[in-house]
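The structure appears right after this line, and notes come after that.
Read from first to last, the chains carry the letters A, B and C; within each, the first residue is number 1.
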Amino acid sequence: MQQRNKLLVAAAFLAPAIIAVIFLRIWPATSALHESLLAPGETTYSLENYAYIFSDPVFLRSLQVTLVFLVVVAPLQIVIALALALLVNAAIPFVGLWRAIILLPVAIPQSVSAVVWGVAFRPDGPVNAVLIAMGLEPMRFLTSAEQAMGSIIVIVSWIGVGYWMTFILAGLQDIPKSLYEAVRIDGANRFQQFWYVTLPQLRRPLTFVLVANTVANFLVFAPVQILTSGGPQGSTNLIMNEIYTRAFVSGDRSSAMAATVVLVTAVLAVVLVQFRMMRSPEDKGI
Amino acid sequence: MYLKTFRRSASVIALALAMPMAVTTTAQAQTVVNFLAEAADFVYAPVIEAFEAANPDIDIRYQQVPFEDLNAAIESRVGQGDSSIDVFAADTPRVPAFASRGYLPDEEANRERIEAAVPNPVDQEQVSWEGKIHAFPMWTSTQLLFYNRDLLEQAGIAEPTPTSPDDRLTWEELLDLAKQAQDAGAEWGFTFQQVDRYYQLQALYESAGAGPGLTGEGLLQPDLTNEGWVQTSAWYRDLYEDGIAPRGVSPNQTNDLFINGQVAFFYGGPWTFGRFEEAEGLNYGVTYVPYFEGGEPVTATGSWALAISPHAANPEAARRFVEFATLTPEGALATTESNPLPPVNAEAYEQWREKIAELTPKVGPAIDIITHELQNTAVGRPRTVGFVAFETVMNRVFSDLRNGAEVEPTLQAAEDQLRSQLARIR
Amino acid sequence: MNNNATMVRTSLTVLCAILFALPLWWVAVSALRPENDIFRYLSPLSWGTLLPLNFTLEHVVELWSGPFRLAIMNSIIVTTVTILVGLAICSAAAFALAIIDFPGRNIVFIVMVVSFLIPFDAIAVPLYQTMRNLNLQNTYTGLVLPGIGNGLAVFLLRQFFLGIPKELREAAMIDGMGWFGVFWRIYLPLSVPALISAALILFVFQWQAYLWPLLIAPAPDYKVAAVAIAQFSTQYDVNYALIFAAALFISLIPMVILTGFQRGFSASVASTGGKE
């Protein structure tokens, strides 16, 4: 077919999505860029807001906290999601019910999830009650600068793992059974089947999960906002909480927009690296 | 099963579609006033009903937005010149910021009428910015010390029955009693209701003579590292380090500690009476809040005011409603019917006090305490355009102190952060 | 798979499901007990921690007789429309990005990727100003629109379409089928699990949406459940009993739908065969 014709067909398929995405995401985002270049009370563009946030120890700390959080949470969630997907990808009684229960936390308003886990993690709460009943020392959880981030990771993983599991599960069910039979004839054991068939066949769904999971975790903030406000001592001050606080609580929109631009740039860089890493020879483009 | 669910939802959709239509047909001849605030529907229902009965040509449409998001809603709607809001509730410490950004009109023309209805200068100051009135004062708040009689009796502690405001407890005496109660079995000795929040904790620093934490022109300079702040912060930190008060309980869950008999002394406001009175088997009394020896007794105050949006579509109707709700005794009283905060309207307050006086035989002279503190010890939050930024940082400081952070580095870091943040606001 | 292995796998699955369900169970129990009991049995562990000793339907009845019923209907309407319109738009875009080799494809794909990197809350205010100019405040359209062009859903579907053998398409086109026919008759029917996953993305975005509905549709007639639930907390008082009762409704509805979705997955297992 001719190039021009193909372009027209593609345009017809793409037009609604492109219009929606540009009108509802990209265009408002350019106004964020615009605001980030205007220092408070100024009408000419400058980099003053960027200079301010990069000299602000609170913002720098939040960048650092976010990166550490991501390095831990993304691999952790993906491994657990993969393990759960492998577990529930079988004909066991009521399997649909179990899958739905594991997925359910993602449908509950995050404000409610945060309250429930905040209560669970209270120093006088039920998790410590279990620890005490088992003869262990009670822990401080959200009230300690050392344990708060770990507690937040537990909460966001409880919310999200079932969601990521679902995408991997869909990928698993798409692997042709014949591939397993072929390697079994060659005498492959369980692990080899997983390594040589399952993982390579999951490359596309896993790319999706890796990228989407990274983006989602970059943008985590409701549990932080509700449970710790970024504390104790800034130990859980993830960047989205910092941005939200600046924009909607402290009323410093211009530095919040500068921080948003920094965030989007950082996520874009990480995501592009991930695309390169997961690219296979037959895929074109990024 | 499927069919049943479907039929049910279909009937609800029909209902949902019918309801707005019914509203529009009756509302056709009326002027609509859109009213944005944070309180539950039932809080404003009595005053709206009373106003609409007297003004059948006006239809008040109430839109509730949660407290945490009210600021975002006001910024994005009133702040952007949206005419779909006529009246909104303004948290009084935010009046300076709102007024300086032009979200609140100048109400100087009404000064005499406001001063006549609301004579307490503390309440007038709460709606002012740079000497001008910008909103209509509605409610105020104050603090009381609640104690659990059963836990005190169990520890053999004599009830700190209030005789006069002059012999209130000092903090030192209170904490001794709190420890005694704990030794006798109470889980916790003491808690603030609004833990971690500047609103309630400012009074500690003011009572110790350390100041509100802000100084300079327009109160835009942080002042957190003076001796008084360091000492009082250490005192607050030790309250939790020593296990007298609980860590990790959010301000919204402290009421339940008191209701369930887990804490002996509780520092709260009149808004807690609602739940405490509903709790079966809770035997409690109230007295004056403590002060630091050698310092002054100080209590937190301030609450909501009503403001007319400068972009209101129907400013005249909006004005009639706001004046009814704040300047007339019957309207002001109606705003407190389902809400336990005191009205600032003096005539309404006289009627309100009779309602609270009914509690006296059970819990002690709550109304005398409230009246005394409002008139004599109330200190508002700093009147500055930087208040919200300041409060946000301070709430984090208090939370860190409660969790055991070192006092001086915490205050120093907050001071540095505030210095650069507040510099951007001017 | 032999019986022992099934037993072990089933027990492990049930154990995981219980761990995930415990916090939800506590929510349900809290909704069904008197308000003053909610925080009473936290520690030490006792029967009261996980069972409503003084069972009451008071909060559920109170909630269901108030405006929350309308809010949850609004949520259902908005979410359903979002999923239907969003799936149509996103799958068409994904099809073009995966299958049609046209100039500028990379740029379009990058625009899609960037669109889901932008934190929606950060751009809600400028978007609100645009929507206000279009008079979309307090309308279903205003609520639905931000949910329909979902870059993440496009990305997911594109990943899936890339995996469908291109021989199928080539054969069909030789038989005279057009691009739309290929999309409608071949790609969509083969992509049911991926479409369900994409629907899940659209669903979660809209069901969890909070700041946007709060800004665009604060009028009681258009309030959605996530906003309505937040209103049980005011400055001085949080009504946990009503919050938990509302959370119960908000999670029960997806529970029913998700269990149904899982049937879509199971059907796909049956057709391609289990992997062991």
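Definition applied: a contact is a pair of C-beta atoms (placed from the backbone, for glycine too) under 8 Å apart; a residue touches a chain by one contact, two chains touch by 3 or more.
Which chain is which protein? Per UniProt: A = Sugar ABC transporter permease; B = Sugar ABC transporter substrate-binding protein; C = sn-glycerol-3-phosphate transport system permease protein UgpE.
Computed from a predicted model, the values in this text were never measured in an experiment.
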Shared interface partners, meaning chains that touch chain B and chain C: A
Centroid-based (C-alpha) most distant chain relative to chain A: B
Result of counting contacting C-beta pairs for A-C and A-B, higher pair: A-C
Mean-CA-position distance for chain B and chain A (Å): 37
Whole-Å gap separating chain A and chain C, where each centre is the average of the chain's CA atoms: 15
Junction residues of chain C - those touching two or more other chains: 39, 124-125, 230, 240
Set of chain A residues in contact with two or more other chains: 119, 122, 124-125
Per-residue multi-chain contacts in chain B, two or more chains: 69, 72, 75, 253
Parts of chain C lying in touch with chain A, wherever the complex brings them together: 1, 6, 9-10, 12-14, 16-17, 20-21, 23-24, 26-27, 39, 42-45, 49, 88-90, 92-93, 95-97, 100-106, 108-127, 130, 145-146, 148-149, 151-152, 154-156, 159-160, 162-163, 179, 183, 193-194, 196-197, 200, 203-204, 207-208, 210, 225-226, 229-230, 240, 243-244, 247, 250-251, 254-255, 258-259, 261-263, 265-266, 268-269, 272-276
In the complex, chain B residues that touch chain C: 9, 12-13, 16, 19-20, 36, 38-41, 61-67, 69, 72-73, 75-77, 80, 82, 84, 91, 252-253, 255-257, 259-260, 269, 271-272, 274-275, 278-280
Contact footprint of chain A on chain B as seen in their complex: 69, 71-72, 75, 97, 187, 246-250, 253, 388-389, 392, 395-396, 399-400, 402-405, 410, 413, 416-417, 420-421, 424-425
Touch list for chain A against partner chain C, complex: 3, 6-7, 9-10, 13-14, 16-29, 31-32, 84, 87-93, 95-113, 115-117, 119-120, 122, 124-126, 128-130, 132-133, 158, 162-163, 166-167, 169-170, 172-177, 180, 198, 204-205, 207-208, 211-212, 215, 219, 240, 243-244, 247, 253, 256-257, 260, 263-264, 267-268, 271, 283, 285-286
Residue numbers on chain C that touch chain B, as the complex places them: 36, 38-40, 67, 69-70, 73-74, 76-77, 124-125, 128-129, 132, 137, 211, 214-215, 218-221, 230-238, 240
